[in-house]
Amino acid sequence: MMTSGPTNASQPVALQARGLTRHFGGVAALQDVDLCLRGGEIHALMGQNGAGKSTLIRMLTGALAADAGTLELDGRAIAPATPVEAQRLGISTVYQEVNLCPNLSVAENLLAGRYPRHRRWRTIDWPRVRREAETMMAGLGLELDVRRPLSRYPVAIQQMVAIARSLGLSACVLILDEPTSSLDESEVEALFTVMRGLRERGLAILFVTHFLDQVYAVSDRITVLRNGRRVGERVAADWPHAALVASMIGRELQPQFAHTAANAAGSAGSAGGPMVASARGLGRRGGVEPVDLDIRRGEVVGLGGLLGSGRTELARLMFGLDRSDRGEWRVGTQPSAPRNPAEAVAMGLAMCPEERKTEGIVADLSVRENIVLSLQARRGWRRYLKLAQQTKIAAEFVALLDIGTAGLETPVGQLSGGNQQKVVLARWLATQPSLLILDEPTRGIDVAAKQEIMARIAALARDGMAVLFISAEIEELVRVADRIAVMRDRRKVGELAQPCDTHAVLAMIAGS
Amino acid sequence: MNAAVRLQPQTTPARGTRRRRWLPGPQQAPMAASVTVLVAMSVAGGLLFPGFLSPQVFLNLLVDNAVMCVVAVGMSFVILSGGIDLSVGALVALTTVVSAVLVEHHGWSPWLVMPLVLALGIGFGIFMGLLIQCFGLPPFVVTLGGMFLARGLAYVISVDSVSITQPTYEAVAQWRLPLGGGVSLSAGAVIALLTVAAGMLLARATAFGRAVYAIGGSEGSAYLMGLRVGSVRVRVYALSGFCSALGGIVLTFYMLSGYSLHAQGMELDAIAAVVIGGTLLTGGQGSIAGTFVGVLILGLIQTLIVFDGSLSSWWTKIALGVLLFAFCLLQRLIVRSRDGQESVS
Amino acid sequence: GCSGRGGHDGRTVLGFSQVGAESEWRTANTASIKSAAHDAGIDLRFSDAQQKQANQISAIRSFIAQRVDVIAFSPVVESGWEPVLREAKAAHIPVVLTDRAVDVSDPSLYVTLIGSDFVEEGRKAARWLLQNTPAGDGPVDIVELEGTVGSAPAIDRKKGFHEALAGHPRYQVIRSQSGDFTRAGGKEVMEAFLKAEGKRINVVFAHNDDMAIGAIQAIEEAGLRPGRDIKVISMDGVKGAFEAMMAGKLNVTVECNPLLGPQLMQAVAAIKAGKPLPRRIVVEESVYPMESAAAAFPTRKY
Amino acid sequence: MVDERQRTVAGDANSSGCRRRLFAHPLFWPALALFLLLAGNGLFNPGFLGLQWRQGHVYGNLVDILLRAAPLMLVSLGMTLVIAVRGLDISVGAVLAIAAAVAAWMIGGALVVEHGTQVAVTRFPLALVIVGALLAAAACGLWNGLLVVGAGMQPIIATLILMVAGRGIAQLVTGGQVLTIYYTPYFFLGNGYLLGLPFALFVVAAVYAVLHLALRRTALGLFVRAIGGNPRAAYVAGVKARSITVGLYMFCALMAGVAGLLVSSNVKSADANNAGLLLELDAILAVTLGGTPLGGGRFSLAGSLLGALIIQTLTTTIYSIGVPPQVNMVVKAVLVFAVMLLQSVAFRGAVRKLWTRHQAAGSRP
């Protein structure tokens, strides 16, 4: 099974892990895993949600203690006990969830721990901090005000900052855990350019992603994990697409679901369905310019656009999370727009937010509680769902979305990133809304699960639910949506009806 | 595709922060709002009471709140790091008692006593910091225990209050920095101003200061970013202990006495000053300058009440509450309207 | 007096800094001063320090800034006044102390002290006990409910009481604990004492009436008769104490008179007129045993 | 991540599963601390744990502790819930004083003796007195809640306002006096006995039972934990976080009000200045000792009750061991540190490590 390409065998091994094992309680998250990173290569780590990728990475960087196993850096045994130690040894990491301080400025997040100082007084040289930070961001093709607090920027930017920080550390091993999950194509491209440059300089790069095309675009070799075990390592070019997927999920993947004309006809989402919600000139000063949008029963409306184009903002207005100050937003026969999420939920709206960590999961609550939370909120505090009912609903969604969890009572914080995302999705599906707003719902979800979820959304639409679907992936939009609205610079610039293709959407986004 | 993505500097407030201010989360330090309110209150005082707007009244504000200033600077760091220190008042009292007893009853030299009590304060802070850091104990309980301990030790050392008649102390107590026009500052006020300046420098321009902010913002992230969370935290409490001891020394100059009941309830006043100055109690946001303004505001409220001179004891309390309320509400309104304007521009 | 200062209408201005309103005694004290000032036509600037010395000092400072004619205050604590009193002296503002003394090296810092002598009050309590214990040689076991730790009345009353009992080995203070001058505190401490010492306790000595009243409740709840099974001695002489004495539950209270207002105003007037004053103006105070309670009760003002 | 390490340290205790489950129970350590305190008292002072039957009820230190702790237990219950949603209420002491003052004022009157016996007089019927005092307390809670949620002030500052002004309001009601209450039926609340046990205990038990049901049998428990765990996520999920938060502040104040009734009834008077002084610190300490983190999200009502009992036991211990009052604070500090260290996972881990090393060294020849 093991083959190594002629390009790699010659290069020196930078980081070698042997027999890494880690149990959480009774669950084996990782069993006897070997990993070999060579200098000057980009090594992709693949696997389904919960396969153990992040766990492996946290053990490489001293953030988590291993039950068993050894690490070697440049042939010398190492045992970093803390991230600081790993950093000092030259292992630089971007963790899956953005791990930066939201209250500090972008520049500080980039340079914390190694600020440039004045020569005389040893105090921090702020002008230089700013210059260096701007240079670092420019390296990723981004110009932004580095003095603003990080929390003021959307997740995508935060992710770029985290990447820029790790690149700025002088390291010999760079580890990136799903760095591209909320980036759109141009940022991904900028990141890849930088990664290739670093590869030229001899760095070993470990790269986790669920996007197969990205894997093939940059990586030299691929290691696949399944259920905490390593199932294979090969040169990327030698590993056909289908075979790779098969080794990840342990079976062949069904042909992809696609939005075909047949599908559209089968669904109720024809232009004639009754209106579920409609926006007339909906907007907010300083936020979204007035938008007109109709959403009908059984219809999947896609919302396309570049990062910062205002899609999230629009969704939040619709859900009552931000208050609109112009235009009209009608949901069903309701006389007025929702003023807060509680009202929106009562009206039958649902919104799966973009920021899973801050607005999605409640880490301390169990999977069951997270799943029933919105449904319960909709029922009010008195009509409490019986424990048996809760368990039934939760179990149903755990099975449906294939959520990898030790049990229904496991705190959600202990789930892998992708599985947390599925829990948030399940929460909203459980409310059986009339309009479901999904803001990047498949962030960090693996190929197989994503396909399941898409199919599920289409099925729900066929049953009469309306969906507003926001995604950075144009293909995904084209595949699932009946109609695609495109936003640019915080205003809606047009709509495209099916059948349409990626190029048409891209053209509209680019404004030509 | 590869061209630099030009992103507009954001013109709206951080999403999700409007109207839900009470949700813990980053918010802007309402420093300017505090200053505005401070000015507004002084003007109101000047209109109401003749003689209020004299320079000496404002310098007295500094003179009378010097101890509070010093203590609040230390407290700011603790709160910025996401902790809390309830032991400050008791530590101030302990410092005065130890100083007074050593100087008066044992005849030690002040130049020996002062470094000693400062070291004592630092040691006390380190002790609490270590308990918090090493054993994962909640700061609230540890520092509450520290408060009992410090106050208790002060009682054990001397229940009676001890007057200080030592010439050096008396000389410092009487020393005034003339500022011209017949107004002057006491030594304590000068120390307080220096402490504030040093605190601002420490918070703004040193790696330690920034690490305190990082830990307050997100301890887990700070740890993963490779900051030395443990040592920073212990140093924060040591700093607070140092400031309390320094505050104690300033208090001995101010009162020329050591007494175990000094600085009763000072911890709460210090916390209030810090929070009124715009620092989030949950940590990560705020400034030392804000704390300074907070101390002045509390002092000003007190001065207004003294100037009124007609309030009965209970109306004094109610007036304190009302002024506090008026101030905090005004501050919130200013902060909000600024946010509103920001989104318009 | 100097012409430059004074109230807007030429009345004498008195700045008075009160400790707080922590007890009934204090409230009566404040009321007495306010009404006396009103009667004497003196412009009173009153400031309540909320039991904090720092507030008192800043109040005195602001009195100096306002250039009042006379400053009077009840010191929270004995020490710590020297610097601010020097400022008053430098501004030529005479200072009168009420209720408690201060500890200063320069006696010219204040003109006079109007108030009670806590040590003497403690002695009075002890003397009453010595006189009113049946002869015999069985031990007399006393428990003491102290005031707030470190406060001047607590320290001084304890001192006076112990001093007067020193030569009498029959009298033993077997337990001593702080009840913080409150009823709840007195009751709670007394409960613990009763459980720890049982029926051994013969006398309760409380540093104020409130604690004594609390202790009385505790004694009753333990199934004993206060005033008979256990003698109760207290201090201050507030109304509640007289009620308890009339009910036969409290044996004696040593008065500590809060009605200093008229004397203070006389002193202020004398100072303005340039008349000499004694260094110490003693307030009339007596000891009220149980038997005299009913007769004295109607005349009590607080 | 730091947590995980601790968890594994705790997890590798090489003991039987049953024992481990006992040790891992969140209430085990506070309960052990309370037990050790009581046992220590019993050792040094054999009469301490004794109970007798006197005047138709149980009499002894243990009953005293329970009775004295009742107000603190009630307030701790309220405080627990406020802390669970990341709030804080430092005005409870003042609210207690207000409720006590209102009750005393509404009863009013003076000692009336007719034909040699005291007659009970009251300005308003007892039921109205209780309702009035509780309404006043709830209004305070509403004020706090609105400042926190409506005006968006930080909880500590929002409640500081009432903490400062509240005692003034209470003194306004009492006119600065300690209002003595002579109305005997009122005494039953804080002094009465039911089935030989203090009535106040039944109040605590009833409140606890109601809370327990409300949090387990309705969705409130879920909502409270969601709001505390991640307020923004809970809000986005449609939970009415704002009204619930206001409600919890009101509940906390209401508990302070009930405590005010108990306290004023127990000492038969309302002392606006001193009633419930420093109660807020004790309540927060009780909550923390009971294992509820101040950051919100998780909470334990039973733990807070245990915490309150620990604090009261500490106080009673200090009173009965007979140390001079100036040493009180040092003893209290030492006991607080000891109780805390006993509850610290890391500390126990360190001690165990030292112990095994010591034993290993000892067993070597």
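First chain written, first letter: the chains are A, B, C and D, and each begins at residue 1.
Simple rule for what comes next: a residue touches a chain if its C-beta (ideal position, glycine included) is under 8 Å from a C-beta of that chain, and two chains touch if they have at least 3 such contacts.
Here the structure is a predicted model, which means the values were calculated and not measured.
J.: With contacts counted as defined, which of the two, B-C or C-D, has more C-beta pairs across the interface?
T.: B-C
J.: What chain lies farthest away from chain C once each centre is taken as the mean of the Cα atoms?
T.: Most distant chain from chain C: A.
J.: So the centre of each chain is just the mean of its C-alpha atoms; given that, what is the distance between chain B and chain C in Å?
T.: For chain B versus chain C, the centre distance works out to 35 Å.
J.: Report, in whole Å, the distance between the mean C-alpha point of chain C and the mean C-alpha point of chain D.
T.: Averaging C-alpha atoms per chain gives centres 34 Å apart.
J.: Can you check how far apart chain A and chain D are, centre to centre, with Cα atoms defining each centre and the answer in Å?
T.: The separation of the two C-alpha centroids amounts to 44 Å.
J.: Rounded to a whole Å, what is the gap between the Cα centroids of chain A and chain C?
T.: 71
J.: Can you list every residue of chain C that touches 2 or more other chains, as numbers and ranges?
T.: 20-21, 27, 30, 149-150
J.: Return the residues of chain B touching two or more other chains; collapse runs of consecutive numbers into ranges.
T.: Only 16, 25, 155, 159, 220, 223-224, 312-314, 316-317, 320 qualify.
J.: Got the chain D residues that touch at least 2 other chains?
T.: Residue numbers touching two or more other chains: 1, 171, 176, 232, 235, 326, 328.
J.: Hey, which residues of chain D end up touching chain A in the complex?
T.: 1, 4-5, 8, 217-220, 222-223, 225-226, 229-230, 232-240, 244, 297-298
J.: Which of the residues in chain D come into contact with chain B in the complex?
T.: Within the complex, chain D touches chain B at residues 1-2, 6, 86, 88, 90, 147-149, 151-158, 160-162, 164-172, 176, 231-232, 235, 241-242, 245, 272, 281, 284-285, 288-289, 293-294, 326-334, 336-337, 340-341, 344-347, 350.
J.: Could you please specify the touching residues of chain A with respect to chain D in the complex?
T.: Residue list for chain A touching chain D: 58, 63-65, 319, 321, 340-342, 344-346, 351, 353, 358-365, 369, 372-374, 376-385, 427.
J.: For the complex, give me every residue of chain B touching chain A.
T.: 1-12, 14-16, 18-19, 25-26, 201, 204-207, 210-211, 213-214, 216-218, 220-228, 284-285, 342-345
J.: How about chain B: which of its residues touch chain D in the complex?
T.: Interface residues on the chain B side: 16, 20-25, 86, 131, 134-138, 140-142, 144-146, 148-149, 151-153, 155-156, 159, 219-220, 223-224, 268, 271-272, 275-276, 280-282, 312-322, 324-325, 328-329, 332, 336.
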